[in-house]
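Since the structure comes first, as structure tokens, the remarks are kept for the end.
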Amino acid sequence: MLTGIIIVAGIAAVLGALLGYAAIRFRVEGNPVVAEIDKILPQTQCGQCGFAGCHPYAEAIAEGQADINRCPPGGERNIRRLADLLGVEFKPLSDDVAEPKPRSLAVIDESLCIGCTLCIQACPVDAILGASKQMHTVIASECTGCELCLPPCPVDCIRMVPIKEDLGNWRWKYPANPLRAA
Amino acid sequence: MTLVAEQASVSRIMFQVLAALVPAVAVYVWYFGPVILVQLGLASAAALLSEAVMLRLRSYPVEPFLRDGSALVTAWLIALSFPPLAPWWLTVTATVFAIVVAKHLYGGLGNNLFNPAMVGYAVAIISFPLQMTRWSAPTALAAVPLGFAEQVAYVFGGGLPAGLGLDAVTLATPLDTLKTHLALGEAAGDIMKMPVFGFLGGEGGEILALAYIVGGIWLWRQRVITWHVPVMFIATVAVLAAAFHAANPAQYAGAPLHLAGGATMIGAFFILTDPVSSPTTPRGKLIYAGGAGFLTYVIRVWGGYPDGVAFATLLMNLAAPMIELHTQPRVYGQRDSGRSGGGKP
Amino acid sequence: MRKLHSFSGGIHPPEHKEQSTREPIAQASLASRLIVPLQQHMGAVGDPLVRKGQRVLKGQPLAAAAGAFSAATHAPTSGMVSALELHPAPHPSGLLALCAVIEPDGEDRWTEHSPLDWRNADPQATLARLRDGGVVGLGGAVFPTAVKARGNGRPVDTLIINGGECEPYITCDDMLMRERAPEISRGIEILQRLTGAREVVVGIEDNKPEAVAAMEAACGASAIPIQVEPVPTLYPAGGEKQLIKVITGREVPSRGLPAEVGVVCFNVATVYAVYRAVELGEPMVSRVVTVTGNVHAPRNFECLLGTPVGELAALAGPCVDTDGFIMGGPLMGFPLPSDAVPVVKATNCVIASSEALFPKPPPPMPCIRCGRCAEACPAGLQPMDLYWFAKAHNLAKAEEFSLFDCIECGCCDYVCPSHIPLVQYYKFAKGEIRTLAQEKETADRARRRHEFRQYRQDREKQERAARLASRAPGAKKAPATPEALAESQEAE
């Protein structure tokens, strides 16, 4: 009886020490899952998920405080990828976030812009150029289409222009199959 | 879709398979009586009906899929691997099980992991071993040959003509006979002098095997099947049988019985060659057929069932995806197999 | 005779070539207006060099080459630029492309020709001539020829001239070789000098004995040794990778270039364009196009670029039941969105289609894994597996199973008993993978910019805090060093 207790306690002590050592020796800084989730998120930094950008949302998902279906720009495809990564069920886009829209770019009507710099401060990726009292302009290649510049603009001179399909970004479509299940 | 295409279709392939089975059916009729036609009809009707019902339940268009002929192939293979005097409900149950469970519950045409006909066969032989091992005696060997009407009556549960016992009209298959008598301690050579063994591997059975070979070679010429599976399967069974026979002729029958008897030839040319449930790579086909040949021999000789083709097929079906994964051929411009992928575009 | 090699797979579709080879190449009549897309090659496109309303001469540049991977575009005839506008492009999407519309004045007056004495010229000058002359690969890929001929630092020992032309119906290269072999051999000499290849081989499928004979006669008379090699007729023997394998036994590495195995390969029509651009000083303004299919008089036409397909096809007399036009062959070509789209540098063939000629395939059945596609695949792929992955949007797996080694030749479609549009699935999957890669790149850039912004905002906050701290009464004057900032941060 006593030997049994001693043996079990000994094993527990050794294993505990090993685990403790491993926890210190192989410690990973930060949560690696957060980085993986962040890689999947579209980095629009739009905040439509209710968090202040993609990384905070990734942290919330990793901690189990947010669902995976709160990112409208990522759409269903990204929800699937997140579900795959985290080993959870796919679920459709949450009802309390906005409907996904086609990817768009912000365009400033330069004749109306008064140079107030409010949009520059709002842009999460520094994609708007300009200075106080100077006309502002959007760097099209850097704009993520997050729409965060729209509300601050006092003269409503910013429009979202959907990205059109052209010869450069056209892709072959998924073939239609008339014999699929109805 | 390209604007031009070869004259090929799924239904054409399936009907070619059916056509290749016709010589075997003819031999069957000659040796065991026309009741096989009743079995083929029963199985076909059951298969088409259950296929239609399943397609409807799964909301697929019924007509194009009924016309593809795949259900008929399953039905014919079941009918041909069953005893000709199997009761009608057995044939129907096995066929319905094959179509409903083994085919449609796995996703329908092209998605089944197992060969549906062999699933049907396995279900029948496990559940109803007695009915499945009572083969009608070849007409030439039967004590009292049954007429067509009497055979049909028996299949539909009408019983036998007065004064006839079941033993008078049925015989165990050669492989089964061999197994039973070996268990009684008799020598293989003596057992095989019994009339049921015919010239090589069973009265009637050996001609049937020949008919399957003829049909199979035609299928190969028609490019419906490749040589890999039949050649490798037959070779494996032959080599194993010959090797054990050479080591101990009293205990093990020689290659001729194993090749001409049982389901070896229908298995080699018609069952194991089912494209859906077998590997597609050439090397994979060789491994698959070799494994099936090995298992067939093992089950026949040491297993509890008279023949091993069905279980060997099902076991190798399980292994097919894995075999395929590890036998990917080399892709143009790559060093090793096709699974290396390469960098991003 | 050299020892030939073989590639795996391949198919023997009915050729339908003899209809369009009965008559010699004809000069297509001048169209009522020419629509010239400014981008007719892979790579960047330069700004237009002409304005609306400007008069242009034949061969005058409409857009210059922009950067290294580019080629110029020229006015195909003299006349007036009536518009610079978006116009449906000869592309499977039917989307619009920027085109210069030219109203011909009927004089067809050339700009000054300036032939180049390439034997004594700097190779750079010859390459510049190819680029500015708008010479691109006419086999279909429209890759700028100057870029290919430059060699890019890799030694090339074998120059292969592709006269394979393996796709059914197409005969423009065949007729070009029959009628203009001496000019082609001059073009070969130019390319041999540019690439420095020791060995020059012209590969022609052996179903074109007249072309082989003509090329043998012309190449025999050439100053350099050129072998003319008939290769067995087997689609796609005219595919670049396949022809290289057949002639040299070497395989172009996966996702690599032929130059990596010491080979460079040009199509015969390209070689002919090289000859005209260098030796005659004529930029590329026309090409030979096969017009065939559902027409009364199939034949080849020397056709100005920009000619609307409908006007070109009218010369061969389309039958009344013609319901559309195909650009390219029946295996790799695509239906044109309308007959108003122009002939471009990539247009080797226009096929009038009809329901009788190309019946609509029955709806696709499920794949039964019969393996015929794998037997036919010239790249040694397992098309049914790629289909399975592409269909399930399993892009990572598709890539792992070498999706990008698919050359989209259509052999698998041709043999598929289930009539599955396999190549379309592969094109879809490739597009998705490219889109995802692009999206990832965009996302990574946005993440970096966002992180930098946060870093900057933090720094600004700290600097402000430091300033406040330094201004606070009794505070120590602290220099704005990072350490001091960190201290003040901690003090908060």
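Letters are used for the chains, namely A, B and C, taken in the order the chains are written, and counting of residues starts over at 1 for each.
Simple rule for what comes next: contacts are C-beta pairs under 8 Å (C-beta built on N, C-alpha and C of every residue); 3 or more make two chains touch, one makes a residue touch a chain.
Everything numeric here is computed off the predicted structure, so don't read it as measured data.
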Next item on the list: Have a look at A-B versus B-C and report the one with more C-beta pairs in contact.
Entry: B-C
Check: Any idea which chain sits dead centre by C-alpha averages?
Finding: C
Margin query: Averaging over Cα atoms per chain, report the distance between chain A and chain C in Å.
Written below: 37
Note to self: I'd like the Å distance between the centres of chain B and chain C, where a centre is the mean of that chain's Cα atoms.
What the structure shows: 51
Notebook entry, point to check: Which integer distance in Å separates the CA centroid of chain A from that of chain B?
Noted result: 55
Check: Which residue numbers or ranges of chain B touch two or more of the other chains?
Finding: 64-65
Item checked: Residue numbers of chain A (touch at least two other chains) -> 179
Item checked: Overlap residues in chain C, where contacts from two or more other chains coincide -> 363, 365, 421, 424, 430, 434
Item checked: chain B contact footprint on chain C (complex, rising order) -> 7-8, 11, 13-14, 168, 241, 245, 251-256, 326, 330-333, 351, 353, 358, 361-363, 365-372, 374, 378-382, 384-385, 399-402, 404-405, 410, 413-419, 421, 423-424, 430, 433-434, 437
Next item on the list: Name, in rising order, each residue of chain B that touches chain C in their complex.
Entry: 1-6, 8-10, 12-13, 64-65, 68, 70, 108-111, 223-224, 226, 275-276, 280-281, 324, 328-334, 338-345
Next item on the list: In the complex, go through chain A and note every residue touching chain C.
Entry: 38-39, 41-45, 53-55, 124-127, 142, 144, 165-167, 169-175, 177-179
Note to self: List the residues on chain B that touch chain A in their complex, please.
What the structure shows: 58-61, 64-65
Next item on the list: Using the touch definition up top, name the residues of chain C that touch chain A in the complex.
Entry: 89, 91-93, 95-97, 363-365, 421, 424-425, 427-428, 430-432, 434-435, 439-440, 442-447, 449-450, 452-453
